[in-house]
Amino acid sequence: MNDIDPTGAVADWWATAVSHMEPGVIELRGRPVQHLIGTTDLTSMIWLMLRGDPPTARQAALLEAALVAAVDHGPQAPSIAIARMTATCGVGLNNAIASGVNALGDAHGGAGQQCVELLTEIIEAQAIGLDLAEATRQVIADRPRYLPGFGHRFHPTDPRREPLLTLVDEAVRDGVVAGDYLRAGRAVEALLAHERSRPVPLNIDGATAIIYAELGFPAPLARGLFVLSRSIGILAHAWEESQQGRRNKGPLPREILPTRSSRHPDEKN
Amino acid sequence: MNDIDPTGAVADWWATAVSHMEPGVIELRGRPVQHLIGTTDLTSMIWLMLRGDPPTARQAALLEAALVAAVDHGPQAPSIAIARMTATCGVGLNNAIASGVNALGDAHGGAGQQCVELLTEIIEAQAIGLDLAEATRQVIADRPRYLPGFGHRFHPTDPRREPLLTLVDEAVRDGVVAGDYLRAGRAVEALLAHERSRPVPLNIDGATAIIYAELGFPAPLARGLFVLSRSIGILAHAWEESQQGRRNKGPLPREILPTRSSRHPDEKN
Amino acid sequence: MNDIDPTGAVADWWATAVSHMEPGVIELRGRPVQHLIGTTDLTSMIWLMLRGDPPTARQAALLEAALVAAVDHGPQAPSIAIARMTATCGVGLNNAIASGVNALGDAHGGAGQQCVELLTEIIEAQAIGLDLAEATRQVIADRPRYLPGFGHRFHPTDPRREPLLTLVDEAVRDGVVAGDYLRAGRAVEALLAHERSRPVPLNIDGATAIIYAELGFPAPLARGLFVLSRSIGILAHAWEESQQGRRNKGPLPREILPTRSSRHPDEKN
Amino acid sequence: MNDIDPTGAVADWWATAVSHMEPGVIELRGRPVQHLIGTTDLTSMIWLMLRGDPPTARQAALLEAALVAAVDHGPQAPSIAIARMTATCGVGLNNAIASGVNALGDAHGGAGQQCVELLTEIIEAQAIGLDLAEATRQVIADRPRYLPGFGHRFHPTDPRREPLLTLVDEAVRDGVVAGDYLRAGRAVEALLAHERSRPVPLNIDGATAIIYAELGFPAPLARGLFVLSRSIGILAHAWEESQQGRRNKGPLPREILPTRSSRHPDEKN
């Protein structure tokens, strides 16, 4: 409150518990920034900023594994291709990263969030008395064929699945996390292995969703954390592209022109 | 001013001459919105919002021609490809348009702004006594080989040049605009025709830059107006793509994987 | 097809009916661009690009009224404030516009799309035999209290409602549009007037949704068209702000610091 | 190369050294992802992706300190306010982060990049024979009054300066980095302390710029790394805001309406 905001209502409009500034003072989640610099690793900083308190070392290690696993999947992914193209258009790296991140929507990065929701439903169905297999069966039955977090159109088995699940197993064994989401995820895998003609294993979205949920992050933060992770790959690609001197890079070599198609049948006039 | 903002300093922080709202009242540049609806065409609305007063019919017609000319140049352009890819990622059309527009930077859409600056330099050199040819020669001499607004790597002659310049000619003839920028643009063309092995005619950025500058828009608005124009094509492409049911469209058909390259020599460790 | 794309599969990946380019040739929806420049108004261009064929003069006039009506609602709207702040951060006008447009999501600009969906449900309920009042009652009954396109927290009556609906009335009278969406919208208004303690009239999202739907645009394009319209206001505000010389404009005057709050109760650790 | 890309030209268009995918294989900078998960910390991953090889433990520690220091500076900063407002507009967290990051332009986050350039000039002037004080004097003399990386309008002394510079001192002492940028930065501080009426110490942009440059990152990556760091704060704020249930949050409490101003004198018609 001061002369121009005597009721404090204006300051209150932007009230926050995340950080606090005064001249000479910067507190992040109540901690002076100078106490964090040099003592806190980046992953613990992410946890602190999102949760309000720092993680234990084991919690941080599990979170870090998930963040490391998802940093990049190459320019086939629209987010990476978009960032690379934007970086050739005469804007800053921040703009290139922004456009890449902007594409991490429900169909590209959102699967983690949806997978947490799916597994949560299974856990809730158990809470009202169903056994795991039956809870899984009932929850899956209501869903369309594609299940978020399971299966990959490119990798028959996602090489990131095994090391991530192993780390969760160890965390469950040591009491770091409870294991409910891990068991639900494996129950879905088992059901799909039985029902489908070929296995539909957990993919990167599913394996990291299990980690985020086991660590207590709400579903939307599965997407938020994926954004932080993938931003690293987006920056690396945007930077590489910006060093190659192309201007206005399009999606195809210049000799190839898009096919002229007739109007799509769904586009009625 | 009111109880929570007694000095008015908070309201002043967001002071604007563009529009004014009160309950039941919407004024755009001082005009009640209900007087504009049904009486004002979209191009005149753009002018009014940017300039504060409405254009004459001839001014609006010239601006409209420039806006229509630049709506689209196909998915070879990164902005269009980016919007189409983003539209498949599970976000709204607004997000797809945003990412397309975000790429209209200095190297993709910014040429109009730079061309206005170039032509302005020539006009200013005339104002201190040089004749047009000499002013042009001196201004060009200081510039790198690529001149914004001139030449096109794809079109030997840009089909939009002729009809746009014809409209400016008519506007000069009828006293709608003064013609200084048009003459400067043609002087650059003439000089380049003489100096280079093949003609380097005005392109869409150059021809529209001339129109925007003749109409009195400052250089940065050449980019701003181009954004409004190209947004139309961006929306059309994002919408078409979203109707085709692809998810996570990458830049290449899925069978083609990016080449594994060695580190770029400029990327030192 | 050519040497590097012998099957045409790569060109096909980017096939489009929106535009076609060859050296020296630009066709928009099959029409050479030089035939459109100087002959086609901007609103008809929007229609042509989205629909594939040009509108009649009356269709264009109705679309134009909707586009003009929604250009701006001042810096209270997050999209406008965001664009103004971004414009002070050392990026291009295209980036400022992009960030403004990016905010036109389900809760800010998305109401038009949702209103088209609501009115479509009412029309479909009529198609299976209910009268309008009963169809409206049943559709509304399943909905939460807030109805997209109806009511305004700021304007008791939105000054844009009356002139827009008058234009639709005239278009129905003259056979330009059928009037189903207009009747459904008014039926909702009538029901709400009866049920609620104070009127909940159509707002700008609702009135423009009726126009877009009457003209045959699918629901998602209600948002797409709103984006084109609001981009005009976004540009005008970003430009005004950029002329005022502020750097890094925050939301509040610098003397006011956000309140330090305790952690939100929903933010569990 | 395959049937649809027999020359490999299409695959080459997207060639990259950052990552490589085959079915079942993900290599990041030539390293199988499964070897990185659980063994590599997040900061080292950032370094690896940007540079091609992993850092030493001391290099990683120094980079980490810079990344931790800059995560947040509260909603006074436009990037944070923008992300918070966007998060209330019915879009995903990825979209909110994107719009926040998009604002980290030349005037907001770009200072680090510019500071690296400034210090590089001083080092280059030394390389041609000037002593540090004279090199600094000459480089500063050509610059406008505001020097990127020095001074803060809010903090008389930035609390992040001291711990960051102490870490660089230790790294110089132990031979981890050479110290040229640190010395140049301190020489600028010393000159400004002498010339100006009050001290103009290194700020967060300057202190982190020194770290990035000492570690060998090119100037544009000072901005890129800042984006990764600030994204953490942006996410934390967007998430907090999204949990508070506001829709369409504007910059001011709803009772305060922006002042109606007259047209800015620079906005000529």
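As written, the chain order gives the labels A, B, C and D, with residue 1 at the start of each chain.
The rule is simple: a residue touches a chain if its C-beta (ideal position, glycine included) is under 8 Å from a C-beta of that chain, and two chains touch if they have at least 3 such contacts.
Just so it is clear, the structure is predicted and the values come from calculations on it, not from any experiment.
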The larger set of C-beta contacts, choosing between B-C and A-B, lies at B-C
Please flag the chain sitting at the greatest distance from chain B, going by CA centroids. A
Would you mind pulling out the distance in Å between where the CA atoms of chain B average out and where those of chain D do? 30
Chain centre separation in whole Å, for chain C relative to chain B (CA means): 22
Quick one: report the Å distance separating chain A from chain B, using the average Cα coordinate of each chain. 36
Where in chain C do residues touch at least two different other chains? 3-5, 9-10, 12-14, 16-17, 20-21, 74-76, 81, 91-92, 94-95, 98-99, 102-106, 109-110, 154, 240, 251-253, 255-258, 264, 267
Sites on chain C touched by chain B in the complex: 9-10, 12-14, 16-21, 23-26, 28, 32-34, 36-38, 40-43, 45-46, 49-50, 61, 64-65, 67-69, 71-76, 81, 84, 92-95, 97-99, 101-106, 109-110, 154-157, 159-160, 162-164, 166-167, 220-221, 223-224, 227-228, 231-233, 235-240, 242, 252-253, 255-256
In their shared complex, chain C is touched by residues of chain A numbered 2-5, 8, 10-17, 20-22, 51-53, 91-92, 94-95, 98, 102, 216, 251-253, 255-264, 267-269
Listed in rising order, the residues of chain B that touch chain A in the complex are 3-7, 9-10, 74-79, 81-82, 85-86, 88-91, 95, 98-99, 102-110, 153-154, 240, 243-244, 247-252, 254, 257-258, 264, 266-267
